[in-house]
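In the two assemblies presented below, chain A is common to both, partnered first by chain B and then by chain C.
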Partner chain A sequence: MRKIISQTEIEVNEEGYLTNFSQWTEEICECIADEQGICMTERHWEVIKYIQEKHNNDEPLSIRGIKKSGVIDIKEFYSLFPGGPLKKATMIAGIPKPKSCI
Partner chain B sequence: MKNLVILGAGTSGTMMANHLVSKLPKKEWQITIVDQYKTHYYQPGFLFLPFDIYTTKQVKKNGKKFIPKAVDYIQEKIELILPEDNTIILESGKNVPYDILIIATGTKIAPDEIEGMDGPEWYKSIFDFYTYEGAKALRDKLREWKGGKLVVHISEMPIKCPVAPLEFAFLADSYFKHKGMRDKVDITFVTPLGGAFTKPKATKALHYLLEEKGIKEVTDFAIERVDYENKKIIDYADTEVEYDLLVTVPTNMGDALIERSGMGDDLNYVPTNKATLQSLDHQNIFAIGDATNLPASKAGSVAHFEAEILTDNILRFIKGEELKEEFDGHANCFIETGNGKALLIDFNYTHEPVEGTFPFPGVGPLNLLKESRTNHMGKMAFRWVYWNMLIKGIHIPFVSATMSTKGKHLEEVE
Partner chain C sequence: MGKTKVRKMLFILSKATIENVYAAFIMANGARMEGIESEIFFTFFGLEAIQKKKLEHLHVATVGNPAMHIPTMLGGLPGVEALATKMMKKEMEKLDMPPVGEFLEILSDSGCRLWACKLAVDMFHLKEEDLIDEIEGILTIGDFYNRADEEGTQLLFI
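Then we have the complex of A and B:
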């Protein structure tokens, strides 16, 4: 699926996750965050950078991993990305939604 | 003489001992298996024990019966693995050297990971059914329970047999109906995932089951603690769910041995090549079943398919040949839906469970992703298959280690 955001055309899947990370920019990131009702702050950026780094290293993302990250505790993670913090944070970071097996 | 050592005599370890004993030349290789416990449990039976569908006798046997005579069976706790020295140390201090090591130490529940779970209410109003003790205690509780709020809960992923909690909720619905007290029981299914089924296709196809059975759903619930005094579970977003009876699946973790030996990830699972089953850190160490960190289900069927591929790869490794990158994450699971019916799902790393027929394309007799009585008979017959074929390493006819796409209505996922 194609989507126009911040005057740029990007490829997303049916849930709205970017399918091509090379299309991710900080402007697009802020627009997606805005759509999720989130206004990006310094703290948000730190978390986004952290999860992008984990993703680049092929390390799976989990709530437990966040707990041990040293970057943020879970309470704050929830307050920064209310609702489903991992789902929202990964969408904003332009990486796939964390998978879990059946 | 060379040594092949298997750690753990559960489903995976026992299968590997049986496969390898007939394949490795006896004059060159001694196979040893180590496990501290004497009893081999039929773990899928733990789902049925709480509802008095299976008796305690039907889910346990003496493990020794299933270990071939030519295999050295050590019943002792393992203290440490020293991968740099190719040795394991037993609790008694005895060293067991190996040329090849297979880690099959499984996964365990860790209720102490969540505050308040493993406290004074454990096995009083809070139960697990992933252990023999838990399932049995829950059976006794259900026999006398007068009703109220039953919460079936998953703490965090990954867990062994990811569909079991849902099956538990379905069977509970049936159980209370038969007891004539369904109206006195309120069933809620609480999951950290976005839906009751983790795969989107299955969620769409099967959501009606929850509605039909009047089971409420709370999704995206990441538990922070159990408030056992006020009988509620609380998540990080401060969502609260009240219960009278909490049936939880605690955090699952690999064996503490893996942590002690410094060989695991955050959850003590062994980082393993997902196609070859060789450990990522040591060439002569392989891992199988629940002990690995593979992105596949932790289930007996997965271990069964892995065992066939791992056996081939061990033989290749011994001959100095390249390992086959063959394991595709194949899983094949019956899902009990209550009232004498079940579903069957068949999937792998890249293919979601879809509708179709199994194992014969277009014929069945089993239906994929659809409720039927035949599927339920399949699940019930599987206990016999487990004790008499599966753990003995006998190939199950018509079911291949890698997933077949024949007879399926397919759609590829990324």
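Then we have the complex of A and C:
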């Protein structure tokens, strides 16, 4: 699926996740966040960078991993990305939705 | 809040075998991860999962559980339940499933609200200090039904 966002055409899947990370830019990131009702702050960026790094190292993302991350705790994670934090944060970060049940 | 029609999942956990406790925890956590509200009401043996002294010692049921593929007579022998539990916990750790205590912390931090059943607490002669700090209160079933009295709420008995 193609989608125009911040005057750029990007490839996304039916749920709206980028399928090609090379198309991800900070501008696109902010637009996706905005669509999710999230206004990016410095804290949001720190978390997005952290989960992108985990993804690049092929480390699975989970809520337990967030607890152990040392970057953010679960409570703040939920308050920064309300309504499904891992789902939203990965979408904003331009990486696939985690497939884990926990 | 998510865009789902299901807005709130309420779980009644009445058992303390590992497989039942984890079923409730995984579904309650999964709901929060989808932006759905979730709460767990611990009643009867489910209370074992929130007692400080007992929660890390829950077992898998080896008797009366045909899916274990152990003859019932064998399942009842001393040590079999402990062994089966150890094996199951090892498999769970491989999948990065947290132990019960840590899972309860995760649930509480995720905004899942945890309640104890008043009648069962009285029946087992428990005090508030026997229960983990994450328990928000001790409720009657009526109180719990009031929490369910909202559109898009589902109740599940485990």
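Quick note on the criterion: the second predicted complex is superposed on the first by the 100 of 102 C-alpha atoms of A that agree within 3 Å, B and C clash if a C-alpha of one lies under 4 Å from a C-alpha of the other, contacts with A are read in each partner's own complex, and residues count from 1 in each chain.
By our rule, a contact is a pair of C-beta atoms (placed from the backbone, for glycine too) under 8 Å apart; a residue touches a chain by one contact, two chains touch by 3 or more.
In this text the structure is predicted, and so the values were computed from the model without any measurement.
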**Q.** chain A as common anchor, with chain B and chain C clashing or fitting
**A.** clash
(Q) Per the contact definition in the header, classify A:Gly84: touching chain B only (first), chain C only (second), both, or neither. (A) both
(Q) Taking the superposition on A as described, I'd like to know which of chain B and chain C A:Lys3 touches: first, second, both or neither. (A) neither
(Q) Output check: A:Lys99 vs chain B and chain C. Expected answer is one of first, second, both, neither. What do you get? (A) first
Q: Using the superposition on chain A described above, determine whether A:Lys49 touches chain B (first), chain C (second), both, or neither.
A: neither
**Q.** chain C clash site on chain B (candidates 109-117, 271-279, 307-315 or 343-351)
**A.** 109-117
(Q) Per the definitions at the top, what is the overlap between the chain A residues touching chain B and those touching chain C? (A) 60, 62-65, 74-75, 78, 82-84, 87, 100-102
Q | Complex contacts: residues of chain C adjacent to chain A | A | 1-2, 26, 29-30, 32-35, 95-98, 102, 105-106, 109-111
**Q.** chain A residues touching chain C - in the complex, by the definition given at the top
**A.** 60, 62-65, 67, 73-75, 78, 82-87, 100-102
(Q) Touching residues of chain B toward chain A in the complex: what are they? (A) 156-158, 162-163, 192-194, 197-199, 202, 220, 222, 224, 236-237, 266-267, 295-297, 331, 345, 347, 353, 414
(Q) Can you tell me which positions in chain A touch chain B when the two form their complex? (A) 60, 62-65, 68, 74-75, 77-78, 82-84, 87, 96, 99-102
